[in-house]
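Below you'll find the structures, each written out as structure tokens.
Two complexes, one shared chain (chain A), two partners (chain B, chain C).
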Partner chain A sequence: MQTKNTKTLYLIPYFTWIVLFVIAPIGLITYYSFFDLSGNFTFDNYRNFFSSVYLTLTLSSFWYAFLITLFSLIIAYPTAYWLTKTKHKQLWLLLIIIPSWINLLLKTYAFIGIFGLYGPINAFLNVFGIGEQQILFTDFSFIFVSVYIFIPFMILPIFNALDKLNPSLIDASRDLGASSWTTFSKVIFPLTVNGVKAGIQAVFIPSLSLFMITRLIAGNKVITLGTAIEQQFLVTQNWGMGSTIAVFLIIFMVIIMIITGQREKGATSNGKNK
Partner chain B sequence: MKEIVRAVIAIIVVCILLFVANDFLNKSSGKAGSDTVTIFNWGEYIDPDLIAQFEKESGYRVVYETFDSNEAMMTKIEQGGTSYDIAVPSEYAIEKMKENDLLLPIDHSKIPNFKNIDPYFLDLSFDPKNKYSIPYFWGTVGIVFNPSLLDGQTFESWETLWDPSLKGQVLLVDSAREVIGMGLNSLGYSLNSTDESELQEASAKLKMLTPNVKAIIGDEVTQLMINEEAAVALTWSGQAADMMWENEELDYAVPEEGSNLWFDNMVIPKTAANLEGAHAFINFMLDAEVAAQNADYVGYSTPNIAATELMDEEVTSDERFYPSEEIRDNLEVYNNLGLKMLGKYNELFLEFKMGTN
Partner chain C sequence: MSETPIIRFENVTKSYDAETTVLDSINLELERGKFYTLLGPSGCGKTTILRLIAGFMQPSNGNIYFNGKLINNVPANERQVNTVFQDYALFPHLNVYENVAFGLRIKKLGKKEIEQKVLEALKFVNLSGYEHREIEEMSGGQRQRVAIARAIVNDPEIILLDEPLSALDLKLRSEMQYELRELQQRLGKTFIFVTHDQEEALAMSDEIFVLNEGHIEQSGTPMDIYDEPINRFVADFIGESNIVSGTMVADFRVLIGGKEFECVDKGLNPNEKIDIVIRPEDLEITSVEKGKMKVKVDTQLFRGVHYELSTYDDEGNEWLVHSTKKAEVGEFIGLDFDPESIHVMRLNETEEEFDKRLESYGEDAYAN
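Right, the complex of A and B next:
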């Protein structure tokens, strides 16, 4: 039914989109990254990136992104599993998704009050005689809020993968004498690993460039690549250096996409992925 | 397929309707025409009642937008796009905007209220003869503190911030010039220093402050100090006045080693579309009664002598917010250090922030 002509017609929006909003911006960023403050062509920005400041910055960004992803996964996987077993799973799922529609900034500001010295958490601790704790502006509060914000993006793909899992496979595993742990590690997890990978992508990559939460919740004690880019563009007006950091961020993203990418059909779906 | 076409048509129809409605609304309120004045100001930096009053008196419609740093404001004006008629940069930013040819000269004949301004704030080095700028507010950088959470420290010296008893109690502003400047001042150096060894020394000194730093944040400082979440904060005088208004325990001090003295000024940027309206607005803001009401609301110090006469004596004689000329001479105004040096300051600041954890 579809002639060659209509097919190319359908491709036009896709290609326009890709060229205008993917290729052109990346091209521009790469272009800018080769210029210094006075507009001369230079590799200095790249040399500068490998100075200790930006390398430590990159490492710490990765470390925090790793922690955020790890905790999201630890919470999301059992939650998603439990969701597939409940009666009204669509309703429960909706309840998890709805908070992600609320503006990010609004949620973050709410946590400033909640974690404050005179906020509800500390009031609760006081009841047990523990006394006020400094919660705001710590690593804990930063990771907690980030996990809270990212968790729907981890739950959704895992939920979809688990939901599609054929229950008779689990029954078969049980019938053949596998313990619950073996069933999980040899059957359920390998079959849902693509959902986990998709979740990791959706959480890890944005975590690398978080910048607003770092200020509001971590009091700038946690610095990510996103903070550095924002500063270079808005404060220092060194677009070259900002672009260079952005170029590295893109490179890191591509690497993560490749590592967690879904392999060709069959390679992972039958559990023989060693 | 039919449904898709129908959906697409529906969306297009809705878009056209919204577009027409928007156009109609803008016309009836006169957007971007000769009868609006677009103002680009810092957040919480004007009494909103005064905007309404100006609209009523002059017949212009005001579009009001805010920014949170001189740099962000300059970037936006440089890119064009919005026809800002008025902006309110600080002194070093005015110098830079002049260099980049982003300002229009002000026609003093249209601003009779100019006479209300204290001559001390006129004809300053960043804008001789006030060709491009009219003073709006001025103030200092200092320390706001809560004596009820401290054991008697009074912050006559920056050194007090390093006091070990203040562990995890100090809030800093997320701004490189203020924090690095404070480090330089505490060592007795100029806060405009471009000397490599002085900067390194200041950065080493700041590193020793890290155990005391609770957070490095922006305008959230105000709420945190009012709620007594922290005992000490580095901040601007007007913000301190806001906090002290809400929480009477708080006090403000400018350390004796010196600090920053700054001026915010109204300018007419290159993007202006309504020069007549821009001048009318400047003149309106300089009116003694208007300036007094505005200063009352905003909390910063007004350069308007006629206004200070109308204000509460208790406020205008408060040396913390209206320091005498003698004290002012001990303070320094920021110089435009150039992009390279600004980058250096920011890199040191970034290093400092990374060290705070």
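Right, the complex of A and C next:
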């Protein structure tokens, strides 16, 4: 009896949290999504979401999130691999993680300075006589800054996966005649794919709902689901539409979690008959 | 005999950092088609030698030759060597079948051929029917056997086995010892087997290398090493033995514990300090009057085939005796032995000097 009571006691904070900050907001959003501007019950918001405007928006949102994730992955995997091979790997890892503790807004403002017309990059370009370039408010600067912000969250899980990899498995693969590339594709990557999936989750999902970086760095040239929600709530005051977009955003997130979350045991082992 | 050795080490030295030398100027030659064993205590460099042969690392100094060709810089995947790893190193994301098929798939063999070879290899290690098991569903001993199958299936020139039987129970272990030995003879391949179990080494090998702290103490056939250990370390490591210090009074006369005995060694300096070995099974129990030595029985264990007696002489030297006869604990008994049972070991003798000395006895034996 006693232990059962204490167990319930421990569960109280958890359930309070879930109810207040997960279930209630989702419930509210879903509720609001069924009302139009004048407060009448309607399905119009959902119908509108499937109009070309919002579909393009969704697509472009996915496209940018995809690019951000892809570039993060391309940089993070080799970096993480290199980190596991260095002598003071914990120190190097810390140096990569530290910037992620600094306020996002501060870092974003720093880039406005760096990329600005009178910033160091343009000053540098001037030295070579290339002349001032518009770097801010471009796709490039948006993706660059986003990758910069998100990359620690990609490196960390991949680093952990690579660090746990038994090095004699790599020896075994080489021993059995595999080249470095085959060893990577048949042994190292499959065994660290869960780290990659965790990294993709941690980067792709927040990328979908970015709005501050789009404002400050992309100058409203890039509109994502995040910016759309912000606009609906704060500018147009159309809470219903904003909530509908949020509902879809949540659905997309759940789908991505399901895709990247599954632990397929031995799925890569293409034995002759399954 | 003039055939090029399949593996030759020439002054191979390996150190991981500036201070410690893991292998110290190793020279060895391995002939094709033989069963070699590296025997030595933990940390003496056995795995390091295998890793050098497999190509997972390069020697810090010296050269390694394969069939007479220098292979210091040949990468592991281009060497015709396969390894059974000490920690198995099976791929956890592949099932048993795919683990064994890994090397064959890289060679791009046909589907049918792969299947036939994999099943045959699994049959050899008594794992037929386990093809579709995941590695984590296998026991330690079964994993070890998958590792053996994964190496032999590739039919390499040399198979390196790093303590491949250590996780097996006694019965399966001796079964696998027979089968590995038989496989090696059937395939005619060179096996390099690592163990720190001397009985296993003696039972399986054509030739044994006894290693200690990064150098070879002695190499030779199991008989050579068992009968004529070069020094205290080898004698002690290769089997239970009685090792005591003594003095070589003159040719064929040795002083042990204040008593002089006849022996078969000669050519040493008069009054040279030496170590002597007498194997427990060479000591025979008799009455105190008849025995060459008088000892007191301290303990007695029944070992199945024989009794193992721990006895002490008046000087306090311990003498282990293996005998089918029983004795009483606390009783004084006599020990008898032949002159040939006394093996004299000079202190700090090199392997070359040792071999020379033994050879000279052989010549004498014929001359007499």
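Simple rule for what comes next: the second predicted complex is superposed on the first by the 254 of 274 C-alpha atoms of A that agree within 3 Å, B and C clash if a C-alpha of one lies under 4 Å from a C-alpha of the other, contacts with A are read in each partner's own complex, and residues count from 1 in each chain.
We adopt the following convention: contacts are C-beta pairs under 8 Å (C-beta built on N, C-alpha and C of every residue); 3 or more make two chains touch, one makes a residue touch a chain.
This is a predicted model, so every value here is computed, not measured.
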{"item": "A:Gly219 touches, of chain B and chain C: first, second, both or neither?", "value": "first"}
{"item": "First, second, both or neither for A:Tyr118, with chain B first and chain C second", "value": "first"}
{"item": "Touched chain A residues, chain B compared with chain C", "value": "B"}
{"item": "First, second, both or neither for A:Ile258, with chain B first and chain C second", "value": "neither"}
{"item": "First (chain B), second (chain C), both or neither touched by A:Ser168", "value": "second"}
{"item": "First (chain B), second (chain C), both or neither touched by A:Leu37", "value": "first"}
{"item": "Parts of chain A lying in touch with chain C, wherever the complex brings them together", "value": "166, 168-169, 171-179, 182, 186-187, 190-191, 265-266, 268-272"}
{"item": "Complex contact set, residues of chain A against chain B", "value": "37, 53, 56-57, 60, 112, 116-118, 134, 136-137, 139, 215-216, 218-223, 228, 231-238, 241"}
{"item": "Residue ranges of chain C touching chain A (in the complex, touch as defined)", "value": "51, 54-56, 75-77, 81-83, 85, 87, 89-95, 97-98, 102-103, 106-107, 111, 115, 131-132, 134, 150, 154"}
{"item": "Complex contacts: residues of chain B adjacent to chain A", "value": "69, 71-72, 75, 168, 171, 174, 176, 213-218, 220, 223-224, 227-229, 339-340, 342-343, 346-347, 350-351, 353-354, 356-357"}
